[in-house]
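Two complexes, one shared chain (chain A), two partners (chain B, chain C).
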Partner chain A sequence: MNRRAANGADVTTGASAPPLQKTTSSSPGRSPWISYALKRGGGVAATFVVAVIMTFLIVQLIPGDPAVSAAGQNANAERIEQVRQELGLADPLWTQFANYVGGLFRGDLGTSFSLNAPVSQAVFSRLPFTAGLAFLSLIVVLVVAVPLGMMVGIFTRNGRRPWLGSIFGYSTAFFSAVPAYVLATVLVLVFSVWLRVLPPAYSPGNLAAALVLPCVALSIASICAIARIVRRETAVVLEQDYMRTARGWRVSPLRMYMKYALPNLLTTTLTLSGIILIGMLGGAISVELVFNWPGLGFGIVKAVSMKDYPLIQGIVLVLAMLGALLTLLVDVILAIIDPRIRA
Partner chain B sequence: MRKLSRSSRAVSATGVVLSAALIMTACAPAGDGGGNSSIEGASGSLTAWVYSDPSGFNPALAAGVQTFQFDRLLYDTVLRLDEDGIVGGLASDWTATSASDYSFTIRDDATCSDGTPITATVVADSLKYLSDPDTGSSWSALVFGKSTPTITADDDAATVSITLSQPFASLEAGLTVAQTGIVCPAGLADLEGLQVGSVEGAFSGPYALTESNPGIGYTLTFSDGYSAWPNYSSPLEGNPAETIVYTLGSDESTTANQMLAGQIDFANYADWNTIARFDGQDDFTKTRITAYTTYIVFNQRPGHLFADNPELREAVAQSIDQEGFNTVFSQGNAELLTSIVPGTYDCASTDSSLLTAYDPAAAKKMLDGVSGVKVLGNTANVSFSNGADFVYESLTAAGANVDITKVDNSTYWTTMAAGGDDWDVTFIGDQNAAQAISASLDRSIGLAVEDNGRNFSGSVNPEGEAALDAGLATADREERCELFMTAQKSLFDRHDVVPLVGGSTVTITSAKATARQFGEDVDAATLRLVD
Partner chain C sequence: MTKTVLEKTSEPTVEQRETQAPSNLRWNPGLVVGIVLFTAVAVVSWTVPLINVDAASQLSKDTNLPPSGSHWLGTDLFGRDMLARALVATKLSLVMTLGATAISVIFGVLIGTTIRFAPTRLREFSLRAIEIAVSYPSLLVAVVIAAVLGAGPWQLVLAIGLSGIPSMARLASTLAATVYERDYVTTARLVGVPKRSMIWRHLLPNMAEPLLVQIASVFAFGLIAISALSFVGLGVQTPDYDLGRLLADGLPAIYTRPLEIAGSTVMIVLVSLSAMLIGDGLAAGADPRLQSLSRAAAKKPAYAPVAGIDESSSLVSVCNLTVSKQSGEQLVKGISFEVRRNEILGVVGESGSGKSLTAMALAQLLPEGLSAAADELRIADHSMLGAVPNRTLATTLALIYQDPGTTFNPALRMGSQLTEVLRVHRGFSATKARQLILAMLERVRITDPQRLLDSRPHELSGGMRQRAMIASALVVNPALIIADEPTTALDVTVQAEILREFKRIRLERTTSLLFISHDIGVVEALCDRVIIMKDGELVEEVTADQLRKKHVKHPYTRMLLDAVPRLDERERGEK
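This part shows the complex of A and B:
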């Protein structure tokens, strides 16, 4: 069922759109935002509790003694035991958990065994690298994939230019299947080793240039996936009645696509973007290793090899909360766009 | 109230995303571009690479080779290695009247990074801290052996005297180790700050830590007015850099990319595939060292398969082809060992005839049908993992029923440090920081690790132990070498160890940098800029 939006377009939200529902809050006179915020906030809090418990328990399963890692290969038994006492590892498990949770409430994530620095310092110094890379990659995805998918959808509408459709289909299928770390390696080989036009890894004196290759490596697969979806959505939207009406009004093509087609594509695209961004946080781990990018992924690999329990817990907890908050952000954005979602 | 249109809401939403991205990107630390300096004798910047963060900045508690590199730059030691032996570091001269009594004359031109003069008292206080059992330093034994030292200072005479309760002839070698670096009074007054590197006046070496971003990088800055360079047999080339910027990386291939692109000037590599990328590259200098040695040890604790069974140990030695191991471990690039230390070490045996020859037929006679052999492997890197597989295959080919457990580096050393029941045979990578044979002999002779010793195998070797102790008790080098040779022979005759190969690493410097090799170590404090 269509309804007319403020811009005169019929509102349809794609194949996955929920059925139209009356927008009312559960309590008369109560803003629907409050109910929505309470429901979503409760979800985030539950995620936090589960993440705290899971991160504490999982690291206990890692074989090996972190006191040996911290004390070093040359340490004797006495020194190792001394280190074990200093790190609180000799305490019973429930005591360690209570100390851990108590520290969290004080904003203290503990002290890293391997860095001898507060975990919060280690995590939040790395977080901008990972989050910045993921966010910028997402922007690249949106800026490239949406116009690309739209253009291909427009040019191949109703079976036109089948050769373009084939090239687009096969190439996007290929690149969306190639793992990010493989792409990263190829990019380094071509642009850094052969052509020498971009730095091969993190370079503190040349951060902008050093960001290019990791960003490209992380975004290519998502660009292909999003572009394919946008192309399909474009084909559906272009066949809608309101588009025929716009063509009948002799609206210019650019205005027609930007004002009438694009908004109807964005809901699905933004929904997927949130999921993709969360996936990018995970994908950033392998990309960070290829580029020596000092983010959370790089840090957690080191932390696991060193059996640095507090740092592992801190990074996993922050990543889990970041994922939950990003999901919340996406839901809020979607609720802004489509009030029906708040119902 | 005007409602936002769908397109306006979409734009608003997109704006939220963009703003968040820009904020996150802006929060990323800006780079340190380095810079030129007008400090006399030091200028420019060098970039170096380490595999991971240092364990801390208290040299007495250092763990990991990356930490040793930092310690070498930040702290001076009493003595230093030179191309043909030992030279004075903070000591301009020294005497050893016996293996228990030493006296060091401290130079008068050394200062801490805060300008505090480095006197005999400063040196003595740091050594006392190192030797204090409450400090818990793993490196104290490299300097003082099993004894309790008495350390006294005479500032008027500028001398530090060390008297040991038990003789220890390797004290001089121990005092060259970076982990025994002299900590200045400001550092000893704030041990917590010292460990995290926040005490500005703690450093006695040519550099001070001026920027510390754990997980990201570190900057060391040349200490203004530093002049306490050792009197090397040949002078160092070039000039010290004003700043050395350390970056971190977990992947040698990426680091090689950075080096080839000009981003890194000094790095150490262990992967021969990566090292091969620098073949034919005339702009880079490669220095190969034997950073550690590999040899097979057996768990000889009571109740284990190889305890009190030298014939079975001999069979294992006969089943291992040293050259085949070399191929698997390092593509044939490593040094074949004739002892448990490289042949360049003082008093090391270089007689390969003392070792058990490869004899698969003889090995099969003893090992065929032997069951329950537990091989412990370390997956620290590809070489170690491949080496463990080679040992497994060799024993299996000899007819033994073998179980192999391969674990990560941390778990491996946990198991070894505990003594334990989880293994029968393994090959270890032995890093000898002091480059003194005694520090490797006690890995297979003497007290077991679970008894606060260093012997991984738990073997009981009275002849070897007596020879080692006697060697450490004499100041006479010839006598010492004879005794250490006796200890080595005891290991070979008892088949307590099976020497394999030296673990080579290659230090590569760019065209604008140079560093000096002393023995089996490239001294980071000699890293300099050249024209």
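This part shows the complex of A and C:
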């Protein structure tokens, strides 16, 4: 049987899907890593450039007069004019853009209206909380989802234990249908209100305990989605000819699954998981609100409701960068596992 | 979070897609449950508030009531019925989600398919742009759009709808690309069918199935995202309320009145679960592999002795071997043969004759669901009908498979795979094992064995891989090598080279060889004795000499012999 999964990967993730089909020997001379790094680096750079342009356009696209909108409903003409100056909206478009980009190079993201402080300061004080939460959740998701999906895949191979397959199928469908903030609310209800074992919100004194519920709320849906992918990929890999070869060498089951099956199913799994993991950053927006978590997600919600445009721009830019880096991380892991991608 | 479609990891092949009409839905429990659930929620949330118009909005003195007969979910701070509120909220959420889904799907499909007809430059650029757009978290994009447009129901629909366009466009363009290359589309292109009718008549109908799956997941994500934005206060504003708003309203009171979040929580989960079940169901219907997953359980291959073991001096002794399916259908129907020490036995037959199954039964490597029974099934002193230690199996018996393109693990270096048995079962260190396999690779005339060991399978040619396989079999020094059509998947010139390696094995005579082939010419040149199989039965056993002189009795053997085209006697077996 061929790697049918490769088709699916292509359909769902398009050009970023690594070519899984066999390639003949890689071009000699130049290390494949160099062209790979250039390609991926270019992708990240393009993502960043587009993010810069889009965040710049946020202010321009506001219907009506952005200065009026930003100054708030009760502002007088004087205040509106002041906001216009602060946002640099009086300048021609190109000058505004040049100033914006120039500011970025100096690390200047503008000044937040609501905080009356540099945006960069606000963003970078919040960044560790979101990056930490996202990274921890990423680890939790991969550490739980891959072994879980693999075990279920192995136990249910070739239609064995249909009951296990059904339980797994329906329970993961259920949990991936529960939005992160709903789960977060329920978790608070159960573990903080009823059982009183975990704090319901961020508290600086007890960071570790406060991390548990947000992390769980953010991870569960992704764990289910990825475990389902892993299970299916396991079923595909176990049918491959090379697994029969390994059986022919009478390799112990543990060695067979860990050494011969795992690397092969990780490739497709990670390719498909990239988007899901990026989606977790979006999930952080609502989860942070439930737990009063002082991260960028909560920050952007506040910034939007206060129409603090410089702060919105700064946070969006940093979150987009975080997403691009996460994608890059997944791609690099993929390239390490599967050398065919580099070629 | 296009979960549902992400899991649909395989596309139906072109043939499957063309033989079945796009409307050919295959029903399965998940799909039915999903559709029933969705319809029920939609109908109830539409009709009930119409009957009991005021319950959701009318303020009353019955504040903070616990659930009762008249208020199933109790009432809120203002005495409004919570169940009625949940249903009204569900209706608004459904309407908004449908609107957002429509925007994502219509524009996404339009952009995705139109790109295919654009000039190459523009197409490449658009694809890149879509790729970049997809790499941003779509909820973040939605927040940004909501920030620009302001808060409110239609702004929310627009925000979520627009943020869903890129992923839809990407799927549509990928699907369109595969459909676009098919013969009938090419024909339509050549005869000059206009673009618009190309899209409507040829592309869309053939993309319908995967698109439907994606639409279901866009809907599920849309509901979650719309509720999320309302929940964080960037969407629907009071006095309007959808499910997210309702949940957020209940949140501050979670310590005192936890039940207030029950209605909205359950409704969000129900709607998104039904959408996901529908998506999964559609995907499963389109993917035959998933159906085979849920088929009746297959048992481990079973081996059963039929009678007592009979001692003999041959290396392999097979007596009355049958291989049967679970249904009882026999694929190998009681065959007997033996392989003497250092003998090369050929097994010939067309595909489906049971020759590979015979070998796999002997190696205890039958596919699951098949079982073997025999009076005797023995290699050296070990009965293959019972449990044999892995170490014994691995060192007594080595296998060479048909297609060297798929027999090696693509993710591992050759060195690690080729030395597996040496290290695990023979107990050699990695260094020693590498030395041994290096020597053996040189013997099978691999020019740069060091480089081969450091390569991964895809970097090698088919001939190199098959030689490596032969080396890995020889290096273990097994009593028996089973070669299952080892040249069939190779080019003709490479076939000749590989056959030369087998002839060397013949000359050196250090092991017995069971050589399976459908090519009687090859077998006759290589083997000492040949058994001919047809439909699971052994029809004739002859020596190579008899074969050469065409001293065969069975008409089938004669037919096989006559089917070999040859130019002159000398080239026999080389072809």
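As a working rule, the second predicted complex is superposed on the first by the 267 of 343 C-alpha atoms of A that agree within 3 Å, B and C clash if a C-alpha of one lies under 4 Å from a C-alpha of the other, contacts with A are read in each partner's own complex, and residues count from 1 in each chain.
Here is the rule we go by: a residue touches a chain if its C-beta (ideal position, glycine included) is under 8 Å from a C-beta of that chain, and two chains touch if they have at least 3 such contacts.
The model shown is predicted, which means the values in this text are computed figures rather than measured ones.
Trainee: Does chain B (first) or chain C (second) touch A:I333, or do both, or does neither?
Mentor: It touches chain B, and chain C stays clear.
Trainee: Let me test your reading of the model: by the given contact rule, A:F135 touches which partner, first (chain B), second (chain C), both or neither?
Mentor: Touch partner of A:F135: chain B, not chain C.
Trainee: Quick one: is A:T95 in contact with chain B, with chain C, with both, or with neither? Answer first, second, both or neither.
Mentor: In the superposition, A:T95 contacts neither chain B nor chain C.
Trainee: Quick check on the superposed pair: does A:R247 touch chain B, chain C, both, or neither? Answer first, second, both or neither.
Mentor: In the superposed model, A:R247 contacts chain C only, not chain B.
Trainee: When the two structures are overlaid on chain A, which partner does A:S171 contact: first (chain B), second (chain C), both, or neither?
Mentor: The answer is neither, since A:S171 touches no partner chain.
Trainee: By the touch definition at the top of the document, which applies to A:V290: first (chain B), second (chain C), both, or neither?
Mentor: both
Trainee: More residues of chain A are touched by which partner: chain B or chain C?
Mentor: C
Trainee: Of the two partner chains, chain B (first) and chain C (second), which one does A:Q85 touch, if any: first, second, both, or neither?
Mentor: neither
Trainee: Quick check on the output: what are the common chain A residues between the chain B footprint and the chain C footprint?
Mentor: 5, 7, 9, 11, 63, 69, 188, 193, 259, 263-264, 289-290, 301, 305, 307, 337-338
Trainee: Can you list the chain A residues touching chain C in their complex?
Mentor: Its residues touching chain C are 4-5, 7-12, 14-16, 22-26, 43, 46-47, 50-51, 54-55, 58, 61-63, 69, 156, 158-162, 165, 169, 173-174, 176-182, 185-186, 188-189, 193, 221, 225, 228-229, 232-233, 235-236, 240-242, 244-252, 255, 259-260, 263-264, 267-268, 272, 275-276, 278-283, 285-286, 289-290, 300-301, 303-305, 307, 309, 312, 316, 319-320, 323-324, 327, 337-340.
Trainee: Could you pull out which chain B residues touch chain A in their complex?
Mentor: 3-7, 9-10, 12-14, 16-18, 20-21, 24-25, 27-34, 52-53, 55-56, 62-64, 136-139, 141, 195-196, 213-217, 245, 247-251, 254-255, 257-258, 260-261, 263, 407-411, 413-414, 417-418, 431, 433, 449-454
Trainee: Provide the residue numbers of chain C that touch chain A in the complex, in ascending order.
Mentor: Where chain C meets chain A, its residues are 1-3, 5-11, 30, 127-140, 143-144, 146-151, 167, 170-171, 173-175, 178, 210, 220, 224-225, 227-228, 231-234, 244, 247, 251, 254-255, 258, 261, 265, 268-269, 272-273, 275-277, 280, 289-290, 292-298, 363, 365, 368-369, 390-391, 393-394, 398-399, 401, 403, 405-412, 417, 420-421, 424-425, 455-456, 458-460.
Trainee: Which residues, counting only chain A, touch chain B once they are in their complex?
Mentor: Contact set of chain A toward chain B: 5-7, 9, 11, 63-66, 68-80, 82-83, 112, 114-117, 121-122, 125-126, 128-129, 131-132, 135-136, 138-139, 142, 188, 192-193, 196, 199-207, 259, 262-264, 266, 270, 273, 289-292, 294, 298-299, 301-302, 305-307, 329, 333-334, 336-338.
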